[in-house]
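One chain, chain A, appears in both complexes that follow, with chain B as partner in the first and chain C in the second.
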Partner chain A sequence: MFAYIVKRLLAGIVVMLLVSLSIFLLFWYGPSEPARAICDTKTSQRCTPAKLEVFTEELGYNNAWYTEFPEYVGGIFTGRDITIASQTTRCDAPCLGLSYKNGKPVWDEMKGRLPATFSVAIGGAFLYLLLGVPLGVAAARRRGTVADKSLVSSFLVLSSVPYYLFALLTFLYFSVLFEAPFIGNPGYVPFTESPSGWVGGLALAWICLGIFGCTQYTRYSRGAMVEALSEDYVRTAKAKGLPQREVVYKHALRAALVPVVTIFGIDFGTLLAGTIFTEKIFDIDGIGLWALLAVGQKDLPIVQATALFAAVALILSNLLVDLLYSVLDPRVRLS
Partner chain B sequence: MSDPFLVVEDLTVKFPTEDGLVNAVTDLSYTVEQGKTLGIVGESGSGKSVSSMAVLGLHDMRTARITGSIKVGGQEVVGLGESKLRKLRGKEVAMIFQDALAALHPFYKVGSQLAEAYLVHHPKASKREARRKAIEMLDRVGIPQPDRRVDDFPHQFSGGMRQRAMIAMGLINDPKLLIADEPTTALDVTVQAQILDLLQDLQREFNSAVIIITHDLGVIAEMADDILVMYGGRGVEKGPAKEVLTRPQMPYTWGLLSSVPDVHGDTASKLVPIPGNPPSLLDPPTGCAFHPRCAHVDKVPGNKCVTELPPLTAGPTGAGHLNRCHLADPVGVFENEVLPVIAPELLEES
Partner chain C sequence: MSAETAGPETLGHLSDEPKGEDPGTKGRTITGKSPMRIAMGRLLRDKIALVCMAVVLFFVLIAVFAGPLQKLFGVSTETVLPSQFLNLDLTPKAEYGPPYGPLTMEHPFGIAPRTATDNLAFWLEGAQNSLQIAAIATVLAMLLGVTLGLLGGFLGGAVDRFLTFVTDFFLTLPFILAALTIAPIINERFRDSPNYATVQVVALIGVLAGFGWMSVARLIRGEVLSLREREFVQAARVMGMPTGRLLIKELLPNLVAPIVVASSLMLPAFVSAEAGLAFLGIGVTTRPSWGQTLNQGISFFETYPLYLYQPLIGIVLLVLALNLLGDALRDALDPKTRR
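This part shows the complex of A and B:
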């Protein structure tokens, strides 16, 4: 078991290195002049080719990528000094560079935005699993009945609505038209500041993610459960004389959770990487919204940092899934 | 003679499907006494598994249409409520399934699956007692180092050991009837023999009634006291094992026996397969379900095989051996044919 975890962790680290290298190279060889944004800022929109060249040299864009990448990675672990416009700033570990817009370390701002994104993602995922899995199990047990068919088809209709439209309509109805109390004024309030404000501000985002995600999770878990219920070992459990709820929730559900957990690993990673629509519509200052802004402002270090964060989130949530697997399925644990 | 422990009468099982109503079992009757073994033989889809699953009420009650009567120790099972069925399952009647790898839960330890079977019918027992019982049963079925192997997962067992564990689980509550559905099909021959020996030993020890479902006539010859041959969801021949195997009265049984390689007698004799395919259960043939594949249809006057379903009645050798055939002399028809010797020991006795 321990060896398994170590193996997964090492593999995860290798993947992270490769991903960060690809992201680095993507921007290094990208079609933009990365120093242009900072040159414009520092010269109050009077960036001449000569000045641009100075910034390009300063930022190291004239060097080879294989000297700059180790420095970038090194900065993440040990921090480094970065010079912009002849002004050297200490960027502490984990250093993801300085924002070209305000010259502050990227990590400092990211740190501030992470709780918002985590709050949205965890709350949304919790809600859609809480709704989706039991609904899927219930539908599988009543497979072929009117209740099952109407649930499946109404969820199919719901999930074919584009998410941004669904979120916008939710916002429109609850915030603008109904001016719903408590949840009608979305936005992020740190939990430590006001727990009720935190819940109230995020509730609409959670409901949106939860309802939309649960349509998919109902489908996944229904399918997995239908399959599990037809397994021989479920029949064995029934033939032993076990009560129906034990047959369903102990023997069948545990097997059905494996494929659901797999999909959840990918979904949750994506959710953590930033739910741009959700953050934008419900006015939550998270990673997704930040990435969107940075792209508009050509603030390369932030774009790079958010891309890296997305990769790390995906890898970590897959690692989490691998560990969950080994809890669910002993064959994984021991092989 | 005591009352039979299991009495099945006119059992009919139908499943509605999108293609129509599947007549899985039709008017099936048989009995099994305590300490005796009934072998049910037939091709895939002949209704042998479906009928025995009905004994435990394992079919989906919302869809399966079950009529007739199944009495287990005097208690009617058809139409019995789920909670009463549960008390029967695993306690009075236990079932051993074909593929033990699929039939054991891959995520739970063998021991805990056995203990669970014990605990569900002994709610007052502690987990510790259940575990001790599981080890005892594993030991009883010949698993080496049972106190260690009890914590293994099914995939850590060999095929034979898994089937032994399955048997241990079936017998953990000392059931009065054990239904073994193709218990040796997934195993290689040497292991098959061990498992069959084990089943026989345990049957003697526990004095339980056993139903063994198989398409392997060798297994039947070794295990069964009585044989029920099924075809197209109906019983087509029924009688003492020796009688049925040596003097079959139904052309289908003949066909089954002739398609077994004869390793005891004339090794040069060719296998004779039964021509054609098993009948459709959605749209069964008229008359005798076997008539499209039967070589003796023209020996029956008036085209009766095609138009009229023959009843299951006593054949020429007496009341104990029944057949479902229109032939006036179902034994004489085969007089000039050689039957492979499936179980020489049966012949020697007679």
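This part shows the complex of A and C:
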């Protein structure tokens, strides 16, 4: 068990290093003139080749990647000073570079946007489970009936529609055309500022994510439940005269939840990594929307930082699922 | 398989009966059906699959004949002086169709707000763009996935471990993020290039294929792992068949069913991804894509919903039909489903 955890942790660290290196290299060698955007900003669109060269030198793009990458990583842990246009800015840890547009540390703005993305992710993920698992259990108990069949086929159709179209239509009908009752304008309001505004602004996004995402959970938990209900221990539990509810929820569901937990962990990581469509459609100022704006403005440090953040969120959630799995499922623990 | 042919009785059977005389086959002609024919038969009996096939065929024809169709309707995506077609609020004038006027034959789908492009021409080219990109990306992703899956599964050992690691590594990177990261770099690098349009499409196909092959590689690897222990593979090995030939001649034909199913489910995913990226503004920008119209249509939804619904219906119909067809194919090709 301990060896397994250590092994998984080490593998996770290796993957994280590899991912950050690939992202770094992509941004290092990808653009032909990486300093162009900042040069344009600083000289108000009058960037001459000579000035461009100065900026390229200042940003370290003339050095080799293997001297700059450790510096970038070091900045994340200890912070560093970055000089742009002979103006040195202290970039505190975790330093993810300076924005090319406003010259401020990327992390400062990211910090402000994290709560929005977290809020979307938590609400959406909560609804995944809240809607998905009970529906799956109910369908499994009524396997083969009309209700089960219609649920399964309607969810198949729903999950075949691209998510962003579903979200877009929800937004257009329940926010633009008809104002849905009890729900304010979509957008993020900090929970500490106004709890009701927080719920109201995110409600549509949550419902959208929840309804669309729960189709997968219904399918998985239905499948796992059907399997669990045919197990011998469930028959034994029934035979000893336990009430139906107890058999279903205490005996069968506990076993059926293991695979669901796995997907849930990964899905939650994906949500944290950036709910780009949701944030764009419902106009929520989170990481995803920010990355999208930065792409439009060619603000490479921001794009790089969001990519890194997303990759780390995903890797960590994968790792967490693996560890959790080893706790939940004895077969993994013992192998 | 009947009970008589299995079990200890068969041994006695063989010695008692003269060889070549199987009691079950006596007196009636055997009609053999290849697994593919059985699958086709099942598919043709499936009404949903038939409808989906018709829808897909419709879109494929549109994509192939987008150019001639535009000529037939006398429309084109080029607009000279958009402002002459538009009201001050950038919606089309009533004489050019909805939302304020009736549909005209000159512009059967109306014209777009803001740019005054003909909607039918744009829609046709959007369908072409969508299917083209998705089809090429699917072929590339399948090639990559099947090759790596075959190699990893068959060779095993260090190669397999390395390929599994690469697969898992790519699986940790979400593809939308890759597209988001690569878009500004492509934009920056090839901004002034005369081939910018081509580069953009190639890059998009590259991203789709580069982040779509992993599931196929895993699937194929799993299949190969079980196939390689089978007798026919061992026989081929014993005969000294070279590995490359063995992979292509012996293993690949046994993988047709999973490959067909995986590609038929990958195609709609790519159609949807292409439009989604264009909707976000990080996909195709240099030629018509349904996703662009979606993005443009949001701000005109209240006055001109039809504009938004054209690409939306296109995407939903195509993706839904492809997905359901993929499911039907899976059922048809699976020998375990009995109907």
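Convention: the second predicted complex is superposed on the first by the 304 of 335 C-alpha atoms of A that agree within 3 Å, B and C clash if a C-alpha of one lies under 4 Å from a C-alpha of the other, contacts with A are read in each partner's own complex, and residues count from 1 in each chain.
Assume a residue touches a chain if its C-beta (ideal position, glycine included) is under 8 Å from a C-beta of that chain, and two chains touch if they have at least 3 such contacts.
Everything quoted here is computed from the prediction, not taken from an experiment.
Contacts of A:132 after superposition on the shared chain: neither chain B nor chain C is touched. Once chain A of one complex is fitted onto chain A of the other, the partner contacts of A:232 are limited to chain B, with no touch recorded for chain C. By the touch criterion defined above, A:177 lies against chain C but remains apart from chain B after alignment on the C-alpha atoms of chain A. When the two structures are aligned on the shared chain, A:26 is found in touch with chain C, with no touch to chain B. Once the two complexes are laid over each other on the shared chain, residue contacts for A:243 go to chain B alone; chain C is not touched.
Of the two partner chains placed around the shared chain by superposition, chain C is the only one that A:292 touches, whereas chain B remains out of contact.
In the superposition on chain A, A:124 makes contact with neither chain B nor chain C.
In the superposed three-chain model, the partner touching more residues of chain A is C, compared with the other of chain B and chain C. Residues 15, 18-19, 23, 26-27, 30-34, 36-37, 156-157, 160-162, 164-165, 168-169, 172, 176-177, 270, 273-274, 276-277, 280, 291-292, 294-296, 298, 300, 303-304, 306-307, 310-311, 314-315, 318 of chain A are the ones touching chain C in the complex. Contact residues of chain C toward chain A in the complex are 168-169, 172-174, 176-177, 180-185, 187-189, 268, 272, 275-276, 279-282, 294, 298, 301-302, 308, 312, 315-316, 319-320, 323-324, 327.
Residues of chain B touching chain A in their complex: 56, 58, 82, 86-91, 94-95, 97, 99, 102-107, 109, 116-117, 120-121, 153, 155-156, 169. Those residues of chain A whose C-beta lies close enough to touch chain B in the complex are 231-233, 235-244, 251, 254-255, 328-331, 334.
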